[in-house]
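Please go over the structures that come below.
In the two assemblies presented below, chain A is common to both, partnered first by chain B and then by chain C.
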Partner chain A sequence: MIPAPFDYLRPATRAEAIAALRDRGEDAKVLAGGQSLIPLLRLRLAAPTALVDISRIEGLRGVHRAGDTLVIGAATSHDEVLRHPLVTEHCPLLAQAVGTVADPAVRHRGTLGGALAHADPAGDLPAVAVALEAQLVLAGPAGERTVPAGEFFVDYLETVLQQDELLTEIRVPVPGTGWGTHYEKFHRVAQAWAIVGVAALIRRDGDTITDARIGLTNMGPTPVRARAVEQALLGTSVHNGGIAAAAEYAAEGTAPTGDLAAQPDYRRHLARVLTRRAVERAAGTRGTAEPVTAG
Partner chain B sequence: MTQTVPTESANGTREIGRARRRKEDARLVTGRTRWTDNITLPGMLHLAFVRSPIAHARITRIDTSPAAGMPGVVGVFTAADLGAEGIGLPCAWQVTPDMKAPQRPPLASQTVHFAGEGVAVVAARTAAEARDAADTVEVDYDPLEPVLDMEAALADGANLVHPELETNRNALWVFDSAGAGSGGNVDHAITAAEADPDSVVIHRRFRQQRLVPAFMEPRSTVVDPTGEQLTMWSATQVPHILKTMTALSLGIPEHKLRVIAPDVGGGFGGKLAVAPEEIVTLLVARKLGKPVKWTETRSECMLTAHHGRDQIQDLTLTAGRDGTVTGLKVDLLADMGAYLGLVTPGVPLLGAFMFNAIYKFPAYRFSCTNVFTTKTLTDAYRGAGRPEATFAIERMMDELAAELGMDPMDVRKKNWIRHEEFPFTTVATLVYDSGNYEAATARAEELFDYPALRREQAERRRSGDPVQLGIGISTYTEMCGLAPSRVLGALAYGAGGWEHASIRMLPTGKVEVVTGSSPHGQGHETAWSQILADQLGVPFEDIEVLHGDTQVSHKGLDTYGSRSLSVGAIAMVKAADKVIEKARRIAAHLLEAAEGDIEFHAGTFSVKGSPDARTTIQEIALAVFAAHDYPEGIEPSLDSDATFDPENFSFPHGTHLCATEVDTETGAVRLRSYVAVDDVGNVVNPLIVEGQVHGGLAQGIAQALYEEAIYDSDGNLVTGTLVDYLLPAAPDLPDFTTERTTTPATSNPLGVKGVGEAGAIASTPAVVNAILDAVRHLGVIDIPMPCSPERVWRALRTARGGTAHTAGGPA
Partner chain C sequence: MARIDVTVDGVRYTDEVEPRTLLVHYLRERLGKVGTPIGCDTSSCGACTVHLDGISVKSCTVLAVQADGGQITTIEGLAPNGELHRMQQAFHDNHALQCGYCTPGMIMAAVDLLRTNPDPTNQEIRDGLEGNLCRCTGYQNIVRAVRAAAATPTGVTG
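On to the complex of A and B.
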């Protein structure tokens, strides 16, 4: 790896990090686990003049519970997230989705905050955060602000984060009873990006769906909520084809890209099939056997 | 001289056949070894190349001055600066007398012919400084039309890759069994079949997509000029060929050049090359009088190291309605890319003899048109020509079965060479010395539970299961053990196919064996030690295998084409015979017995009838070193040399069966089970064979499902990273069931055939046949490789729409 030259800064506190970001301006980039930034540097697709390494800042890692909220430090590694008992107990969707990210080596380096701040719509975790209705805490020179995940993502690789702001926490509401969840990822090899992914949270009362939240990965420049599907699912029985009918709306309002992995029409088709499967699995009406995803 | 059959090592157990763990692995897997990029010499400089971002263009200006002023830069060079404008890199295979060959320069000076071609090079004190400086070199290009499509490239008035050649056609090579006297006239077979209601004629076109060899260790070269001597370390699989060809290309006296392939991290044919970067590194080192290193990035490797495959295959097969094939006609277009590498134009020829595969076809014609395009050149990649042939014929046998409504296995059985028919002279003139297709197939069917899977398939079809099951067959053979020198001569290859070995008995009884083979991951050090331990009757641990350094291994033709064991190790066996013969004479002298009364077993010479009169070969080594008492008329030395030139190729074969589940809703393919029963002859180390089969299967499956080097309409490689160029890893592959049947090769004393390429050759058609078998009843008859989910889905959608045809779309 031979990146273009850059200054390497490793602040010890949030305040120092924010000050460094403010001082260095547009050409500074935050380095967390390096999951996405290091490949960009290696290929010289990005050439920031300063990297602000936040990995040694106190208090940016770890998971704890505050009332009805799971609080996850932005610099918590994927591996910590997916193994943390609070996450596996209260937010199995996040644990499941994080477990599909890249490969074990990358999961030990990459961080939840980094994956969200990078805002790659092909990444799994933005859509999951949107479906979970997570709240993101951003720290800047003027203090903290909290942004819903659904408003955090602005465009391809673009968020509401200001140049001198740092994503510090991900706050995930602990769901009440009756919820089932599933992340359905479609990719060609295990360590590849999702061609399409669907995060589904389904709340049942008996056979009736009483609440539904669906987040779509890689169906546009930002993660997308499949609102039409959610609406159609409300009050529907988990049997008798209601889920399949609702899933037909999955591509509504999406703007998937065409690339080497898939053309837009195929992505729209996949969104419908995978949404049906994700909802069925979240609702518990479809086996959770390994889906056919190779090839 | 008498032939020593393998006996056993000193401790009384045979080494051959033992599943020993490889002695080289600890250093290889930890990386604590001499990879080329680990080499650092005092005062060493680093290179970075300036490469063309355009596929085809005239260079109108190169300004190196901005780079020259950058920190750490020692020199910036164009072809002219290096005196390299007259240099052409070698192609060793003039396949036809009228073959058109462009000059392949180390650095382009007037025209670039593919995106990634080097135009200048920077030498600096660190690799980072060299890279930074290279980015500042200014090059102006006057774009020319890229030439990307082989058929368009052959049309009248096509844009020319090399206008001086006046054509994009490199060569036309034809084999006709009628002309060779080995079979009938295939046109007659086609005419007859067309007129016969009891016959069928099947035409198909297959595409062998372009692949990247994707070896693990990127290429790296270090050149040290000391006095008149030039030493080159390079991550190559061919140090001997590299040395001779570099000497010839640059006019360096061969004895002033030493090439060393230290530990090399994979090649798959991709390091069977004389690379422009190797030549440039040498030229810069010589010019500056300093050691120089070049190590490529992964992206540089994918863009510029040679690619493999890339053929369009048109086949016509004729058969009776009972499934008996009456003729096969093959017309290939093979993409050479922009230049000819070491064996580029000959790669399709290695397949020419394999389209008839394990079958008795009465008439066969093969033609291949080699075509230049403005893409990275192609050359050898695991199997080189033979996977392409095997894919095409195994797909055709399935197409024939489908056409006739027969079980595809029955069609194969109807046409294959029966075991009692060996040795068998094929329609392509090869003599298959041994094999037993019935045995391998029977075992594969048993392991696979073929009837049960067919029943499940029928049930899923009946119930309209969204996940359909398919069964794919590949009954393959290959020619390997390259190669009899006289055959290579007849094919106009520029060298022979022998291999060399030397044995040095050291004073303490330890043994050094020097091989001309050049391992790059295969485990020669372990396998060679096992063989020699049995031959000489010395402990496995007492043997050191030396390779890869042309001053140590002074003679050799290196490693490719599954040749190391069946050619290289046989040279070692011959050398061991010489050592034993000479040691026998000395033993007779020391034991005061007649030479005819000396017996040799497990490393010990003894006198017939006097069991106490004995000495070991290791004791004799010391006696010879001391030289106090040895017979008159012989030299006090136990060293030996031997060169082995095989009389025939070897012909591994096997039966591979693959079951796939195809999700008809998404197009996703899952490999459910894979059975490989291979006959690779006698086995030296089952663990190494197993590893070769697993790796080969992974690569062949990857061609079927994942890999494709794609160029856009401007001629840019758009799969230039391992994010876009998909390689499978362990989670993406099923557990393989592997077994072996054994019919020893008759062409060498070990009875070995070679296993380096078998898995990669066999598996691709097994997988694609299985996918098509799953969806053929839905109207899909072909899916281009790699069979990505999108392509499978599109094929299904098109078929449902009423017209079955080849599915397009990106991978």
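On to the complex of A and C.
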């Protein structure tokens, strides 16, 4: 299938990209790796009249460390993210979750910023960004602003990004000592979207959980924190069933949809089961076997 | 129209293309590189996998304009001197194809897998080829072929 016609713009700088987005208005779309956008164009589910290709803008790619923060350029490919030594050392949760996105060829083209800006509720990385308490840097005509990942996602495929704004950086706080992490994904077949996913960061002091952050994928139109589970885990022993009891709260405050893969009540069930597994693996009390796949 | 300058299988081309032209359509219809098939057209099957600047991409999910300035290798460019690439030879030796439709993409993805992991386990091969579907379900021999290729010394072609 062939996309509807569009103009193709390839700005050399951020300022040119922002100006192009402002000039072309609502019918312009940002093209980064294109791994979500091009399928939509081909199916004609989207028909923008202009694509602004940001892939060759200087300084939008790469990973570096600034103090206690990992700074990841928005146009850094999934493959670069998951192999980058700073990411594997300081943010293994992100490397692990990125490694579950689609397949190698898609990961070569798709970008971290693109996956966040696209804001698909079944995408893995929004919930991971929320659980990591990442900060997202948005550049617009008036300059930059920084938005916490938890406030970035507004609704289905919708973020706080304005038409003339560009996501430029993802800033991930490097966790201190004592943290364990895991992303638990349930999907129907290899390379499929998550039916439900759970990103867990657990901090232990001995056998006691002292901090917990949990993000849920595909349990509503936006990624959500499982706050009730996080609260219930505080002060709990990693043994004796405390994690399983806390995980029972995983579906609280969620609004999952039904589709061909799963009905809402099944998604709520999965959220509870997968949260228990994710927390146990993050806490190191369960083997780190491959995520269980149905079918 | 947009002007693109690409090198495909060692030959440089300068062409005017519509921005909406997919790379796979450019390769097949403009350059006649029909060795790269279109399978699902939804980024799922991997039949159209080629290398862009040395890494595997699904050419149905890349615009020709995005490849501007790039080096593209298709299955047709893998054996430039008439001698099969070690991966092609291994697929031949291990009967790693049935209908053959997925084979060009499977081979291009497998070559790329060995670039990053020169000696993969069976499970790593299966994970590495998860973006390539064989509807004949001939995966056993495909995995065998990739292992055989990995055990073959790298020659001039790969």
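Observations on the model:
Rule of thumb we're sticking to: the second predicted complex is superposed on the first by the 292 of 295 C-alpha atoms of A that agree within 3 Å, B and C clash if a C-alpha of one lies under 4 Å from a C-alpha of the other, contacts with A are read in each partner's own complex, and residues count from 1 in each chain.
We take it that contacts are C-beta pairs under 8 Å (C-beta built on N, C-alpha and C of every residue); 3 or more make two chains touch, one makes a residue touch a chain.
Since the model is a prediction, treat every value here as computed from it, not as a measurement.
Once the two complexes are overlaid on the shared chain, A:R22 sits clear of chain B and of chain C alike.
Once the two complexes are overlaid on the shared chain, A:L260 sits against chain B while remaining clear of chain C.
When both complexes are overlaid on chain A, the residue A:R227 reaches neither chain B nor chain C.
Once the two complexes are overlaid on the shared chain, A:L270 sits against chain B while remaining clear of chain C. Once the two complexes are overlaid on the shared chain, A:A190 sits against chain B and chain C alike. In the superposed model, A:R61 makes contact with neither chain B nor chain C. Contacts of A:G34 after superposition: chain C is touched, whereas chain B is not reached. Once the two complexes are overlaid on the shared chain, A:A4 sits against chain B and chain C alike. On chain A, the surface patch touched by chain B in one complex and by chain C in the other comprises residues 1-2, 4-5, 39, 42-43, 103, 190-191. Listed in rising order, the residues of chain C touching chain A in the complex are 2, 18-22, 25, 41-44, 46, 49, 55-58, 60-63, 65-66, 109, 112-113, 127-128, 130-132. Partner chain B is touched in their complex by these residues of chain A: 1-2, 4-5, 39, 42-44, 103, 186, 188-193, 195, 260-263, 266, 269-270, 273-274, 292-295. Residues 48, 127-128, 131-132, 135, 297, 299, 467, 661, 663, 665-671, 705-706, 710, 718-719, 721, 723-724, 726-729, 731-732, 787-790, 792-794, 809-811 of chain B are the ones touching chain A in the complex.
Partner chain C is touched in their complex by these residues of chain A: 1-8, 10, 31, 34-35, 38-39, 41-43, 51, 53, 55, 79, 102-106, 108-109, 190-191.
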